[in-house]
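In what comes next, chain A is part of two complexes: it sits with chain B in the first one and with chain C in the second one.
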Partner chain A sequence: MTITEKAPALLESEREQRVLTPRARQRRSPLTWFRGGGLSNLIFLAPMLIVFGVFSWSPIIQSFIMSLQKTNLITSQWVGLDNFANVLADPLLGTAVLNTLYFAGLALVFGFPLPLLLAVLMSEVKRGKGVYSALAYLPVIIPPVVAVLLWKFFYDASPTGVFNTIIGWVGIPPQPWIQSAVSAMPSLVLEATWAAAGGSIIIYLAALLSVPPELYDAAEVDGASIWRKIWHVTLPQLRGVLFIMLILQVIATAQVFLEPFLFTGGGPNNSTVTVLVLIYRYAFQNSLGGNYGEATALSVMLAIVLAVLSFAYFKLTERWSSN
Partner chain B sequence: MKSRSKALVAGFAAFGIVASLAACTTPGASSGKTEIRVATFPAGADAAAYEAFAVQEAQFEEANPDIDVIGVEYEWEGPTFAVQLAGGSLPDVFTVPFTDAKTLLQNDQLMDVTAEAEALGYADKINPILLEAVQDDAGNIYGFPRQAYAMGLHYNRELFEAAGLDPDSPPTTWEEVREDAKAISDATGKAGYMQMTMNNTGGWQLTAATVAHGGRTQVDNGDGTYTSTINNPGTVAALEFLKTARWEDNSLGSNFLLDWGTINQEFAAGNIGMYTTGSDIYTALVRDFSLDPSVYGITVVPTDGEDPGTLGGGDIAVMSPAIDAATKAASVKWIDFYYMQRLFNEDAAKLDAKTLADSDQAVGTPLLPILDDETEQQRLSWIEEYVNVPRDQMTGFFDGIGAQTPVGEPKAQTQAIYALLDAVVQAVLTDQNADIDALLTKADEDAQALIDGN
Partner chain C sequence: MTAISPKRKPRNRDSELDVDRGILSDFDRKRGPVRATMTVVHVFLFGGLVVAGLGPILWLAKAAVTPTQDSIRTPLALFPNGIDWANLGQAWVEAHIDQYFLNTIVIAFGSWFFQLLIATTAGYALSVLRPRYAPILNGAVLATLFIPSIVLLVPLYLTIVHPPLIGVSLLNNYLAVWLPTAANAFNILLVKRFFDSLPREVFEAARTDGAGPFRVFWSIVLPMSRPILGVVSVFAIIAALKDYLWPFLVLPNPAVQPLSVRLPAIQQSTELDVFLAALAISTIIPIVLFLAFQRVFLRSAGLGGAVKG
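Coming up: the complex of A and B.
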């Protein structure tokens, strides 16, 4: 308690000192900037600024510019908002948005609670925790393309396919998996959940370590069961991490591309065309110069939607996560 | 002092980064020769293909000591070609399909080679129908048609035998294709027949099947406009065939998401009994997909309906318009040596065939003549001793192709319309209740909108 009382006092006095010292009132000139280490700061920052500028900020700005142009990457002409109008008039856009929402919804229902549940269970394990962590994290270190190719074998729709053989043992007939418009998307979500769960589990496990053990002790003294401890202690303590993980998952699933592109190419019959697959098709479907303007216009729209969603989410959850 | 030394270290670090980045773009030491970067094979081609190329490269450089040929792995692929073109990462000499040539030359993305083609005598020799694909309205020439193919029905002789069928009597009607596919599927559990369905190839093969059934998916109005005719009896027949084979016979296997690469892979692995693609596929099947030549067979695609034909295609050797005069001159020499001379010059034809055969590369694959039929027959007689493809397993194609009419691919919005048709083929193969008429009506409207918006 004494520490927390002293700290504001010290800060206050420091602030007063700064206000009163002549140096703080002095106008900053290039010389003072240089003497204050400004140049070395800038030099240290330069590599990061150059890398971010060239590889990140510049493409973002160019994308915004390109969304207002008709271009073949060699010659360009300004077309105003035509690209946006064309994208909004595309009958496939509705399908792509619905498919993306479907993927995000399924991933949220199955992919979000699972890692949390596994992390909680693993944190309760007394021995061999490291082995379980390593096993859970293993899918993350497999390159995503390799993982998809591996799962393509699993999803072989013939009766001799890996999954079909396994379900055959319990009398279930062979399933079409990614070969049917109905089961393709859930199949993609299953693989995506498997691939991503390990990363989330590690984050949850780390967060669980920060939960003060005395809270569990107090709950145990009060006679709480394991589920009541999870509900009343663990989950409230993980609230901040959970909110962040949720919005990160929503942003990631809204940009799902790898699975539909590699598994099904958007098929069968456009049942797995997502917004990003549509962007890819705009840009690269036609060998004679893709529609880069429309591709970037849809990218910009997606970025705006995600930015608004993230902002609204943080505003809505601000009170909960800070309490 | 401390801050200065920090600045010094940071300065060196920054310089190091900039210098290493700059080093990435520093061109290699010039040999004093004209360097040309030329397309070779797709990534993954077998070592023998590169050996044959190295020999041909050495032959060329010996005859042209002032030119240095640099082979670059290359494969025309719809999704990446536009980016390579725009990004300037294509080789100086590369090949494009007939369907892309017109638009590329209209966009000033190909080098004008009229003078060179005339000087070499090709302007008069090449089949005018093929030459037209690389000419603008004024008659200028922008490339060298180097290979043409018709559609073929490729089949696995081993699976035919396993199903009790005679591999020397491949099907000649679509009904026989259906019967044989069912026999193969029932006997072996493999797909008796299958078609490409993805990445625009589904539309390409549906268009080929449409032509075989006497239909056309697009009409050239002759005034620069085109009318989509996707909902025609030929396309309906082609889709009805797939629907019956899939849902009544269950003879198409279980993988309905295949494109050019994956269907070749499945065929070479013995998982597909029959499929249709260009007649020149043998080379790629053996070279890139390790097909056992003894199991390969090809015949013509069966035809029915009114005015049927065989969808033709091919590719053209072209150059980037960005190369300088010296590179252009050297590139023309390379195209002449590597692609063209072997078509009509006896010595060149024999040398080319011998070099390929010595490296176990395919010689004598079924193609359509680039020049005229007489010259093609003459070429075949020159290289007869080097022919190493099993031509006796290809008699169905050689005997039947002369009677079929080659039909060009649709000209307007070709790739985009193929993509539309991918979804139609996939719907028929994965949805038992797919309404073919409704699917084609919708695809027709969408295709016309694409054409009109062009």
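Coming up: the complex of A and C.
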């Protein structure tokens, strides 16, 4: 087979490639492979192949194997679905799932509309837009660990705590914040929303810039009010971004770990034990040694739930986002 | 990280900034009630952003030089009993923040280096050299985007404890942080798409002039790719500064831990004013980086959305 025989069938991309390595498509022998750039291809791919092979592809496959095994660091034996059965029988799992749903739900109700509202308002600012964006993005810059430790101090339950002082100005009595089982989770959501809003705001601002101004002009010709412009032009134009941001937020909040781990360690009274905190406890906080099998079984279950959820979500929204 | 639309080109925000209208028309803005409402909205918006964005940082800066008792009793008063500059020195020396600060920089620098190395070489091979098996590799890389990172946690940890071939545990070795973070499919996706958009004629001309694949990579592709390299750098460094759980697991020795891991650990044993000073010092690197490269940061954040959207 020669190049000329194959040429008519070549795709645009392959043609470009051939220009770069003209001999690559000739017959295969070690010498032509070498002269065609086979070796330099491999040299450029080697770092990626090694790093992905060892630290990404192989652990992904291992996790499915390990979920069916009982493993300590030296030996492992097959136990079938025992790990899954043990995890499902753990009385703490129900608590962890409910807590995670509670966190995700609160974050959705309060944390999802807020950045959108702020972005719409900020996009109407005529001067000093950059200052507004920078201010909104500052909390994202602060390392999450520092933010959590700082907020932990703000959440001081004594009457002289920072937040208790502030709400005291408007006559609200001191709150226990993260020290009570009732208010702990909402407190974590408040911090998480503060920490994440800036990133979403910047994404919405970029999306708002891409709304064609002619649409607003046209709406005005039809006599649309400001609210109707928002409802009939802005929001439909942002639909695609909003759909994606929603599912990304759900996926992220289903994996919340840092806030419950550092604020409360899962307490008080297990009210902030999330699925990831539970996985961490199985694997690394076990007096009997790491229960790696059950930890991977639970993470595989979480991954499957998230995969099914996102698949169903995309099937469902496909219709609305396309027309 | 799901639903990537590869067709969409990274948008250039700068060129769109001069679109001079949004929801409100000039006519709207001239109407009395609208103008009054917008003024009120702007005041509250600006005030709110200052309080929420700048407030905690300013408070932390103040608390870093305030005696413990003042921070506890009257946290919102402005220096009721004077300034205690010694906090910063104590945090730096006695709480060993100097060492953890250095560890943080080493970790961030290494993560940055390995992420750029992997993303550029892989991006070049998959976009420009394009061997016939490239689509398979490309798919294998993209597929990892759909796997939540939590699935990797335990097997990856065991890989670090018992790495293949070398047989020596990588615990407490910075490679244990650098290499797994470099297996980042998002970086490769960004870089590959940027390389895809570079004009092929330039490579062709260089080849005609006798440049080999290494020369094309180093002297042509990389210099043309500064914008995307800046974006990947920002992502890499910020992610390294933010990471907690992974370095916490694979760097159990306090002497090699970064600030993010060390701060929660020293909280109990450190006096509050010194601890708050330590927190303040820990925010310095990211804030300085943000102020210096604000445009790159904000463009990266928007770009992340464009890719996701």
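Observations on the model:
We take it that the second predicted complex is superposed on the first by the 274 of 323 C-alpha atoms of A that agree within 3 Å, B and C clash if a C-alpha of one lies under 4 Å from a C-alpha of the other, contacts with A are read in each partner's own complex, and residues count from 1 in each chain.
Just so it is clear, a residue touches a chain if its C-beta (ideal position, glycine included) is under 8 Å from a C-beta of that chain, and two chains touch if they have at least 3 such contacts.
Computed from a predicted model, the values in this text were never measured in an experiment.
Look at A:268: by the touch rule set out above, it reaches chain B but stays clear of chain C.
Applying the stated contact rule after C-alpha superposition, one finds that A:91 touches chain B and leaves chain C untouched. Judged by the touch definition given at the top, the superposed model places A:216 against chain C, while chain B stays out of reach.
By the touch criterion defined above, A:284 lies against chain B and chain C together after alignment on the C-alpha atoms of chain A. Once the two complexes are laid over each other on the shared chain, residue contacts for A:157 go to chain B alone; chain C is not touched. For chain A, the partner with contacts to more residues, out of chain B and chain C, is C.
By the touch criterion defined above, A:66 reaches chain C but does not reach chain B. In the superposition on chain A, A:179 contacts chain B only, with no contact to chain C. Residues 37, 40, 44, 46-47, 73, 156, 158, 161, 280, 284, 290 of chain A contact both chain B in one complex and chain C in the other. Chain A contributes residues 37, 39-40, 43-44, 46-47, 50, 72-74, 91, 156-158, 161, 174, 176, 178-181, 264-265, 267-270, 280-281, 284-290 to its touches with chain B in the complex.
Within the complex, the chain A residues that touch chain C are 13, 16-17, 19-21, 24, 37-38, 40-41, 44-49, 51-52, 54-60, 62-63, 66, 71, 73, 118, 120-125, 129-130, 132-147, 149-151, 153-154, 156, 158, 160-162, 165-166, 194, 198-199, 202-211, 213, 216-217, 220, 226, 229-230, 233-234, 240-241, 244-245, 247-248, 251, 255, 257-258, 261-262, 276, 279-280, 283-284, 290, 292, 295-296, 299-300, 302-303, 306-307, 310, 314. The residues of chain C lying in touch with chain A in their complex are 1-3, 11, 13, 16-17, 19, 21-25, 27-28, 34, 38, 41-42, 45-46, 49-50, 52-54, 56-57, 59-60, 71-76, 114, 117-118, 121-122, 124-126, 128-132, 137, 140-141, 144, 146-159, 161-164, 179-180, 182-183, 185, 188, 200, 203-204, 207, 212-214, 217, 238, 241-242, 244-245, 249, 259-261, 263-264, 267, 272, 276, 279, 282-283, 286-287, 289-290, 294, 297-298, 301-302, 304-306, 308-309. Residues 3-4, 6-7, 10-11, 13-14, 17, 76-83, 85-87, 100, 103-104, 107, 189, 197-200, 253-257, 259, 415-416, 419, 422-423, 426-427, 429-431, 446 of chain B are the ones touching chain A in the complex.
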